[in-house]
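The two complexes that follow have chain A in common; it is paired with chain B in the first and with chain C in the second.
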Partner chain A sequence: MPVRWSGPAVAGAVIVALMAALAVAGPIVWGDAAERIDAGAILQGASAEHPLGTDNLGRDLLARVLVAGRFSLALALAATLIGAVAGILLGTLPSVLPRRAARLATGTVNALVAFPGLLLAMFTAVVAGLGARGAVLGIGAAIAPGFARLTQTLAATVAGADYVSAARMLGVPRRRILSRHVLPNIAEPLILNLTQALGGALLGLAGMSFLGLGVQPPSFDWGRLLFDGFSRIYVTPEVALGPAAAVALAGIGFNLLGDALARAAARTTVRKAEEPPAPPAEPDEPDPGAVLDVRDLTVTFPGGSNPVRGLSLTVAPGEVVGLVGESGSGKSLTAAAIGGLVPYPGKVTYGRLHLGGRDVATLSDKELGTALAMVFQDPLAALNPALKVGGQLAEVAVVHEGASRAEARRRAVDRLGQVHLPEPERRAAQHPHELSGGMRQRAVIAMGLMGTPRLIIADEPTTALDVTVQRQILRLLREVVAETGAATLFISHDIAVVGQLCDRVVVMYAGRVVEELPADRLAEGAAHPYTRALIASLPGLDTDRTRPLAGIPGTQPAPDQVGPGCAFAPRCSLATERCTTERPELDAHGPRQRVACWEVS
Partner chain B sequence: MIIKNLTVRFGDFTAVDDVTLEVPDGQVVGLVGESGSGKSSLARAVCGLVPYTGSIEGARRVQMVFQDPYASLNPRMRVGDTVAEGIRARDRDSEVKRLLELVRLPAEVAGRYPRELSGGQRQRVAIARALGGDPGLLVADEITSSLDVSVQGAVLNLVRGLRDELGLPMVFISHNLAVVRYVADVVAVMHQGRLVEAGPTEQVVGEPAHDYTRALLAAVPRLRG
Partner chain C sequence: MPDTSGLETPGTVTGPPFPPPGRAPEAVRRAARRRARVVVRRAVRFAVSLAVLLAASFAMIHLIPGDPVRTALGPTAPVELVEARRAALGLDRPLPEQFATYVTNVLSGNLGTSFITSEPVGEVIAARLPNTLALALLATLLALPAGVPLGMWAAVRTQNGRNRGSELTFGSVTGTAVAVPEFLYAIGLVSAFAIGLGWFPPAGKAGPITYVLPVLALAAGPVAMIARIARVETLRELGKDYVRLARAKRLPARRLHLRHVLPNTLTATLTVCGLLLTSLIAGSVLVEFVFAWPGLGLKIVESITQKDYPVAQGVILVYGAIVLVVNLAVDLLLGALDPTSEIREQS
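Let's look at the complex of A and B:
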């Protein structure tokens, strides 16, 4: 888990390290000074000799604050551990107990979580008896419900995982499922929570001591010192401020470190940034007939990851172009780059990126919003679950075109009818979850049609749907294109779907276009070894069942592992020496076809 | 194995409606139908993961392989430990090796974590784990639908190989009839919780008797030209 050492993270780590050192060395170094009674220096304020003043026996308060560190931290640690252990046990009970008892355990946790922590702590402390032990148990009790709830939630997620079902079917005992599958997968967030809980426990214990419920003399912790000093705060504030500052500093330190760890855990590895790629060469003349005209599009992520590499593409009005390739070939990032949606810290460069003859960088959000309609694989992600379908569609027209509410609503119902949603009026008044997957995808397409899109980008719009619904949606897309004359970029990993729907196919491999050809030539005229291998791996209704199916051995290189030659070379049966060192350019191969391969010419 | 009058209900919704289906020894039964037609519910009932009425006879030790190979392996467990989970034999190490070989994975992957494997490799690990439980029946629920076509072929070849080598009966679920046709000896078609047609693969695909089967066949995407 790599931690990014930002200012707060460093500060947290330094403070925690200092506290640890103080806990070890404090009593050894200042132990004597802290206990030395000096009848001549009772209840003094700050002086050169006693920077924080002295207490009612004339003992030096600075020494006492430094010595109290060990006890304060030890108590906090004990309270946190008690709380964590009790909480984790309570939280895991539901997954090991029989159903009835599990429900009881869950109920108990819920009730405890609802109970105010401070009351729980005070109640426990009073019952357990005044003193350090009571305070520790009290704070432990206050921490436990939070841990129990966290454990329970995390465990429930993991318990629903397929690997747990698989283990159950294999007859792996419950306790073993807990120890091998559940706990290891929830350990990280629990440990992070522990660091933060430690900071909380420290403050809580100081609070308890301050209320007189905690540490009793002659023992002392920071809270106790604060309690003793508080009565003198108007006369000599420094005697109270010393211990208060110590508590605050330690609390802040643990919280900062916990935060930094949590953030590091939530982030995936980011490697060192590298030189950005050289700007692409001067592009040739723009294509005046194209709605979408892309030249040398490149997407880079820090760490030398280059998922899209100098991609060029045009789509004409009324044309459906299919972008096909294996998972990870860069299809979605290409779409994201066109729509200006590449996530941070990705960088997009291009020689030309024109939509309707204008550079997309010069288009306002509103212009881009009406000219471009995007449809994604998961229609639920595009729809707000809390709003009615019709309202969401209407919103588009209101925001982008300033249409009146009534006009926008009418158009929404009209568009829903256009995508053949049965009973569009009734459906418009429903929420997304009341629609089936296919209906939702229709609604999203209808949403794209609310404006007058010149380009439709559909990224795997049918992958989540079964074949029968897929067929309906593909028909619908064709119909929409015929009616509106919009240019369409259709992205899919399924070359059969692309071949069926599209006019032209663009095949992508490891971030580059390797072949471009008319869709009706796929079956007979595909030239690139990768395209041919993809087609050969497709089982059809006439595939010979007595022979093994073809596949492509090996895997596509990751975006930071692409070598200088042809990226397909390690998997290609035709590869030669030259293929591994020199990269073939995309060159014309007969009319309307272009191929990037040394062995095809 | 034979499933008799199987019904699965969730609340008032009937997911599987009085299905009777036989899985002959050593054969692969392909189960097709659109999403929501009840395929997965039937599979889960056979595996004992959901309550049902009716009877399932002769299905001892059923194991299942899941759709998403990224969600079905414990990310914190090495491949070797995952495969060993169901193994009862004394010499686990050599058994793990044998199973990995059976699913055509090199023995060295035993020491790796799932994140270091491709989707196709993970799905093989999941199959090896299921085989480790010495199943009398293997249920494969859409095991290739989250894989690229380039690796789908290898997994389908493996499924066929297992039937030929081990004589292991299987229920193979998919919504793609072309895929089912390739691996199955018998095809059963489900629609809205009911079994609408079942028979030898070539017969169901060649001369479909039910309208819904014809619709499914028409929906299989194919290249033009």
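Let's look at the complex of A and C:
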């Protein structure tokens, strides 16, 4: 659980360290000055001699603020310890009590957490009476529920761990499991959270004393000094300043440090950042009739990783091109790059990226928004859960074509009907979660039809759907292409689906195109060892096709680990010396087919 | 063109796929029942909490060490007076009877009589509660429209780790703002704007202008808190597919953020607001003290200091009840607002 020492965390640590030093040294250094009564200097404002003024006995307020640090921190510490111990006991109760009592304990904690701490503190203050003791007990009581909740949450996580299950199966008593296994494992996050609680206790106690409910004279803490200073705020506002600054600084310091520590505590289960996937490619002669014409497309991420490198691709009107590869081959990032949707740190460069014969950089949002249709894998995620289906379709027309709401809505219903969504009127008025998976995907496709799509980019559009629905969606895509004449880039890991749907297949591996061939040649004509492996790994038609490469040992190299040679070499049975040192270019291999492999051409 | 209509079975809804209009399909009825069950469960929880609260406020007086009346009246008070008070409070009866009387009284609106002023506690509270609620509500109404856009703006600026500097600044500023307790804001505002510049009256409640400083003091922390939460929520939404699709549609940034992202961040923000409202009600105790605001908070401080136990007991009971009511309201509101809650209840 490493703590990230960002600027704020360091500032917090420094402030807390200063506070601790003040608590130790303050009374020793300034103790006498704080108690020295000076009848000639009563209730003074700021002066050179008394920078923060004096109190009703003429005692120097700066010295008193500096001295009060120890008492304030000590009280806060006491309250925190009381709260933490009570909270941890309360929080572990559910793991040792019988089930019913455990539920009661959990319920109590949940109810108490919802109560503002100050309210609990007031309750205790009534019972325990005015004074430091009552305030400390009260703030302790206010802190306890939070700790109880934290303990419960942490203990529940640990209780699910294998070693606890094992101990339980071995018949280890619950109390022993708690003390031997659970508590030691949650101790660290609990301790890290103490800092935050300490800051809260300090502020809470200052508040109680400020209200006159906490520390009573002749004792004094920061809150009490503030109470005294506040009564004089009209005459000498500066006397309230010192204690206020001390409280604020302490609160900020503990909070900043506590925040960093609590974050570290929460980071026990670190989520790995998702690596962007990687692709390949090869160019050929420019195609004047192509809807999509991509040359040397490269996507770069900071650190020099190129998940897509030098990819070239053309798609003709009405043509369906399948882009196949395992996850990490860069196929989805290629789609994102063409759609202008590469996430922030990624940079897209290209020799040419033409849509309908024009550079995409010169196209307006209106042109792009109506000419490009995108379909994603999970239609539920792709639709905005908060908006009605019809509205999400209609806005394309409203935003880009200035259509009236009624006209846009009419068109939306029409398009929903076009994709065979039953009862389009009713569906348009519903939210996405009220539709089935297949209906949602139809709605997304209909959204693409709101404009006049020239290019449809479908990124794994059927992967999240069940088999029957998959077939319907594929049929629908075919139909839409036939009707609109749009070019389609169909991205999939599933070479069988691609073979059924597409006219042409482009196979990607580690960011590059390794083979390009007509779909009907897939079965007999595939030449590249990787393509062949993909096809060979296809089992019967109705077995699970989600892991097409179960048969090939090894994995695809990460974008920054591709050597100078053929990226497939480590997994290739035909690989030679040359394959590891020199990269094969994409070369013609019979009519309408191109392959990047030394052993094939 | 193949006819594919009616082939698919809806995924989340069972029963006939396309029910004829007008007849509630089984699934809809089941969803309604599920919803009703949730409401009932929440209501039961509320009732139980209320009962516990009543018991706790009753117990409060009895937990005071020694004789509360003697403690309140002081050691010099004549024995007869103490005895008379004890009898008036019913403290000489058996505990169960006292509790029964207490519950009956509270339910009929009788919260006892002040030791100090002999006013009925119920009236005192009724006179002051609106002043406290006004502060808390105004502060919420101010914090929400200030905090949410701030957080969204920060999220859009710092998305995917761009503008690390802004992220750090935002984090430190809001982190600091959250850490400063409301009574320090109150004192700072009073010194600067009431005493220093003389723009606002320093204390009391007399007309709209007196609301300004207390509401600001109360709202400062929550603005930062809401901004932080709105930022996290917005960042999460910005990473979702529907935002990608909306980007693919080339929607203008304003529309993307306001129409698509904002509604999806509101559920979490509203939950926080509920909690915030309850903490604002508590926080108003300190702010009221600074501004001598005639609300419940000032009253409870007075009553504790003066050992006016019936008033303290009544005010704490009312505060507790407000917290419970607000939490119940937030729960029910979220259930009604979130279009996907139905699915979530299922799983």
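In the analysis below, the second predicted complex is superposed on the first by the 305 of 601 C-alpha atoms of A that agree within 3 Å, B and C clash if a C-alpha of one lies under 4 Å from a C-alpha of the other, contacts with A are read in each partner's own complex, and residues count from 1 in each chain.
The working rule: a residue touches a chain if its C-beta (ideal position, glycine included) is under 8 Å from a C-beta of that chain, and two chains touch if they have at least 3 such contacts.
As the structure is a computational prediction, the values presented were derived from the model and not from experiment.
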item	value
Partner chain(s) touched by A:Leu192 [first = chain B, second = chain C, both, neither]	neither
Touching partner for A:Arg475 - first (chain B), second (chain C), both, neither	second
Residues of chain A touched, compared between chain B and chain C (which is higher)	C
Chain B versus chain C as contact partner of A:Gly437, first or second or both or neither	both
Touching partner for A:Gly7 - first (chain B), second (chain C), both, neither	second
Contacts of A:His400 with chain B and chain C, given as first, second, both or neither	second
Partner chain in contact with A:Ala533 - chain B first, chain C second, else both or neither	first
First, second, both or neither for A:Val136, with chain B first and chain C second	neither
Contacts of A:Cys566 with chain B and chain C, given as first, second, both or neither	neither
Set of chain A residues, in rising order, touched by both chain B and chain C	436-437, 468-469
Interface residues, chain B side, partner chain A - complex	34-36, 47-49, 62-64, 66, 68, 71-77, 81-82, 85-86, 118-119, 126, 129-130, 132-133, 148-154, 156-157, 160, 175-179, 181-182, 205, 215-225
Complex contacts: residues of chain A adjacent to chain C	6-8, 11, 111, 114-119, 122-123, 125-127, 129-130, 199, 203, 206-207, 210-213, 226, 230, 233-234, 237, 240-241, 244, 247-248, 251-252, 254-256, 259, 336, 339-341, 343-345, 365-366, 368-369, 372-374, 376-378, 381-387, 395-396, 399-400, 420, 422-423, 426, 431, 433-439, 444, 447, 468-469, 472, 475-476, 479
Touching residues on chain C, where the partner in the complex is chain A	1-13, 17-18, 21, 49, 52, 56, 60, 63-65, 71, 159-162, 168, 171-172, 175-176, 178-181, 183-184, 187-188, 190-191, 195-196, 202, 240-242, 244-252, 255, 259-260, 263-264, 275, 278-279, 281-283, 285-286, 289-290, 300-301, 304-305, 309, 312-313, 316, 319-320, 323, 327, 339-340, 342-343
Parts of chain A lying in touch with chain B, wherever the complex brings them together	161-163, 165-172, 180-181, 184-185, 326-327, 436-437, 465-471, 493-497, 499-500, 519-525, 533-535, 537-541, 543, 545, 548-552, 555
